[in-house]
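Dropping the structures in below, format is structure tokens.
Below, chain A partners chain B and then partners chain C, in two separate complexes.
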Partner chain A sequence: MSPDILDEAMEIWFGPQHVSAHGWATKLTLVGDYVVECDPNAGYFHRSAEKVLEFKNFRQGALVLERMCMLEAFLAEYPYVAAVEKIAEIEVPERAKIMRTIMMEMSRLHSIQFWWGQFNAELGFFTMALWPWVDREYSLDAFEELTGSRHTVSYSTPGGVKYDFTEKFMKQLHRAIDRFEDRLPKFRDMQMGSPTFRARTKDIGLYHYKQGLKWGLSGPPIKACGVPMDLRKDDPDPNLAYDMVDFEIPITENPEYPGSSDALDRMEQRFKEAEVAVDIIKQLLPQLPESGPIIDPKARAKANRLPEGEAYARVEGTRGVTSLWLKTLDKAQTAYRAKIRGPCIASYYALKDLVPGSKFADFIVIFGSLDPYPGWWDR
Partner chain B sequence: MSVLLQFDFWQWIQGIPQWIEGILYWIWGIVKWIIYAIWDFILWLWATIFNADNFFFLFRAVLFPGLIWVVLALIWAVWGTRKLWGRIQDRRGPFHQGKYGGLQLFADAIKLIAKETIIPDKAKRWMFRFLPGLLLVVVLLPFAFIPWDTVSAVNGGWAIADLSVSLVLVFAFLTAVPVVALLAGWVSGSKYTLIGGFRAANNQFAAEIPMIISTIGCAFLASSLSVFDISMAQTNVWFAVLLPINLATFLIAAIASVGIFPFDAPVADSEIIFGWRTEYTGIYFTLTYFAEFAEQMLYSALIVALFLGGPNGLPFLPGPVNFTIKFIVVFFFFVLVSSSFQRLRQDQIVKYCWKYLLPLSILNVIIIMLAIVYMPGLMLPLLGVG
Partner chain C sequence: MSTIGRAVINKIPEITSNALGDNKIELIVPAEKIREVITIIEEELEDAMPESVFGIDLENDQYQLIYIFWSWSTKTLVQLRVSLEGEKPEIESSCDIFPGLEWHEREVREMFGIDFKNHPDPRLLLLPDELDGAYPMRKRFTTDQSRLEESGIAPPRPRPKPEGGDSK
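Now for the complex of A and B:
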């Protein structure tokens, strides 16, 4: 890139007041209609969650975590709960494990439906944005019935879960799943068969999985390259019920560029993720014991004061590997230090290498296809 | 001899009433002149308006189917669009104000007008204030040439005006729209508006050539450049039957030219906030917003006039009713198309318009010319010539 080109360059701030930049700001350098430099900036969404965790006790901490990404609240709060359980050596009842897993997969389904609508809105197709959001309401109704809240659910707690499944909740859960399965083939056809959608996403944001692993990507952005990397299989959590179900890791192969993925593949990958999530829920529901404890009775006392120790817990989130490292001092009421590693920090800073050379109009497509959520990089 | 002043004080005193009387007469003269002028103006106005021809011209131009009717139709077109979009998108659309939300747009307009108008520091203030109004005027003027009725304007029909080159004039007005958009984007003094302005120019650049070539077939068949004559040439057969490909290309090019979905790159909200309209607030935003819908309506009306027989249709219905029915159907198509696709990139818009629309629109013209040459027995009676 010669300096002459940059003489005519225009610097433009994409965010923080931009309509599709909700809580992030990226500085783009444009030459003509092409982006030559992309400078992602973190810090516009900072709520000092890691510091807050040092002042919250071990039952309150999960509430901070789920506010990091409300779209996958059941998944986001889990690493903290798991870390506390590891340090305090709390056993989780069988029933709570299954209930946790079901709700985490529901959370994944609902998060993907939201992303799906948002991606279409970013592509300028608001009809296809609202249809998945209507289906998403069914999941939210179920969440509300279960926990009393649509987004900030605070369901998992050290030792188990807080609320038991009710009759009405089960009805709503089935309704949400049935609705999704009913509409999925039509939606998939409409989405993947749309010529304008293919024109906008084919070969856009193309990267090889080796490059993706170098950036630190995980979850759907790397699975879309055809790499079966999934914590649900690779490292099943003993306090979750993923070992009780039989499922394949969803991957997408790009026929033209093996080992690479573009925005179209990542869309296809999200469909498969949602299908697998529903599959797991349907396998787990018959295995759920009719009755039994949903929480270890001693867990509350154990979680009040933790012994000295440190633990690392992680979970396969909707957007990638979500992990947390927790260190406690002896007889601690609060964490000494908590370090959150969200999945999206990698995919956000991947834009730095991925975007230059593409058109300005494609920036939001690349960004949307990686699905970064600002809460995960501004901790 | 000394100079004797010939000044008789008493005589001077006696002159004062005469002097005052003179002044009063002078003032009365002025007042009389003003009163006569006003009276003459009233007489002129009376003669102008209530002279039968003039009255009907003004009635057509101002009330129906002129300004007021178009603006009211515009308001309910926005309402209809929002309602249809709501239905298509699995929601209800506006329903609070009035029956079925029919007064929603009036409420919106009042709210927008009452809002604070913010003009950025970097904007060129005069142009920034002037351009939205100019845009609406430019878009509303071509409605004068829409043939609402089977009887021409000269013979007292419901059309407002007729001109031998009205088709060219309509396109001349429509070409000015992206120029205004580009200027508005320029004078707003923001990078996003500048990009949006250039994208608007790019859209017109892509869509205009196929659009104008699509109308050449109609002008050929009617052997006239007047929109009224073209619609009147379709008494036997609509040009949509003879020029079906041109109807499709014109519709697509019109959508691209207006800049609504899927060709809404000039105002792509997820990419460039709101394109060249980003900095407009309050009443200025209202004007630009209405101008977009007025342009959609204008293109719908043009499609009806050029391809769907204009006011010709069911014989037992009056011309304007026939026209309006077809107009609503075409407008519905606009809404349907604009809610069914993802947005295209600017270079893709140019590619689609030039690579596919342009050859297709020329192809149809060539086919119909060959048909006239080699099958005159079939074609000429259809056109009412043979």
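Now for the complex of A and C:
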């Protein structure tokens, strides 16, 4: 790039006040309509969660974690709970394992429904923004009936789960799933059949999965390249019920560029992710025992003081590998060090290499298709 | 021992290993060998994904760095542990091998004061400029209100007195 081109360059900030920039700010250098430099900035949402975890006991800690990403709260809080269970050697009743897994997949469905609407709203395709958001309300109603809260659910706790499924909840759960399945063909037709949407997303934000892995991407952005990388199969957590279900990892293949994905593939991938989540729920519901304990009675005492240890717990979140590394000292009441690893730190960082060269209007398509959530990198 | 563990130890014999479970391995790496080890990981595990890098403050100027890599096709998790000491410890940056490590290294630098030599972009990542050099994740950084002035963050404003006359 010759220096005189840069003389005409214009720097603009995308965020933090922009409506599509929910708590992040990216400095873009534009020459004409093209982005030549992209500088993602983090820190607008930083709440020092890792330091806070050093002052919270092991039952309170999960509440901090779910605030990292409220859209997938059941998934977000789980790595902390799992790490505590590993160090304290807490057994989890089978019924609680299934209930956790069902709620985690519900959380995935809800998160995808929200992303779906948000991404379409950012593209100016408002019909497809509002339709999934209507369906999302059904999931939220079920969460509210189960836990008393729509977003900060605080469901998993060391040793099991906090609340049992009620009859009313089961009705609402079925209503949410049935409605999703009922409307899915219509949504798919509306979304993937829209020529405007296809034109705006085809070949936009194209990268090869090998490059993606170097950035640290995981989850749907990698699976959309045709790579079945999924912790639900590769490294399932022992206190979840993924071994009781038979499912295939959804992948999307780009016919023109094998091993790569564009924004259109990543949308297709989210459809498949939601379908598989519902499939897992439907397989688990009949296997749920009618009655039985939902929490290990000794867990509360065990989680009061933990022995010395280190544990690393991971779960396949909606956006990729979500994990927590925990270190405790002997007879610890609080964590000595807790490191939260959110998947989106990689997808936000990737913009730095991915965006330059594309048009300014495509920036939000690339950003939205990677589904970054600021809580995951700012913590 | 997993293949990658053997490959690393064959090339650099002073590295020791601990098993962490099935296909999970921890390597204790001297600080000056870190770039060599990460290069071997990059060559041997072609789908290695850098999960995170983070520091641990063990007090009395003792620090540890943990690097985590995951390879889905071989289902191998590699955890590297590096011990560092000193008031302001230093280590070579590895983000030219795995660009995904860049932000993690920036975060460790601002939170723990561990310097990454040859880092391309050593700005603050999450902290405001006033906290540069305060290293808030170190254990000696106390979080009570008495440090508020030192941090440069404005103290909370006193509540305005309610308008109107005395109720007496």
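To be clear about the criterion, the second predicted complex is superposed on the first by the 379 of 379 C-alpha atoms of A that agree within 3 Å, B and C clash if a C-alpha of one lies under 4 Å from a C-alpha of the other, contacts with A are read in each partner's own complex, and residues count from 1 in each chain.
Just so we're on the same page, a contact is a pair of C-beta atoms (placed from the backbone, for glycine too) under 8 Å apart; a residue touches a chain by one contact, two chains touch by 3 or more.
These figures come from a predicted structure and were not determined experimentally.
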Partner chain(s) touched by A:Ala301 [first = chain B, second = chain C, both, neither]: neither
Which superposed partner A:Phe197 touches (first chain B, second chain C, both, neither): first
Touched partner set for A:Asp378, first chain B, second chain C, both or neither: second
Which superposed partner A:Asn120 touches (first chain B, second chain C, both, neither): first
Contacts of A:Lys359 with chain B and chain C, given as first, second, both or neither: first
Chain B versus chain C as contact partner of A:Arg341, first or second or both or neither: second
Interface residues, chain B side, partner chain A - complex: 85, 88-91, 191-192, 195, 261-262, 264-265, 268-271, 273-274, 339-348
Sites on chain A touched by chain B in the complex: 10, 12, 18-20, 33, 120-128, 130-131, 134, 194, 196-197, 199-200, 359-364
Complex contact set, residues of chain C against chain A: 20, 46-52, 54, 56-57, 66, 68, 70, 72, 75, 77, 79, 98-104, 124-128, 136-137, 143
In the complex with chain C, residue positions of chain A that touch it: 42-43, 46, 48, 50-51, 55, 210, 213-218, 227, 229-230, 234-235, 312, 321, 323, 325, 327, 336-337, 339, 341, 345-346, 349, 353, 377-379
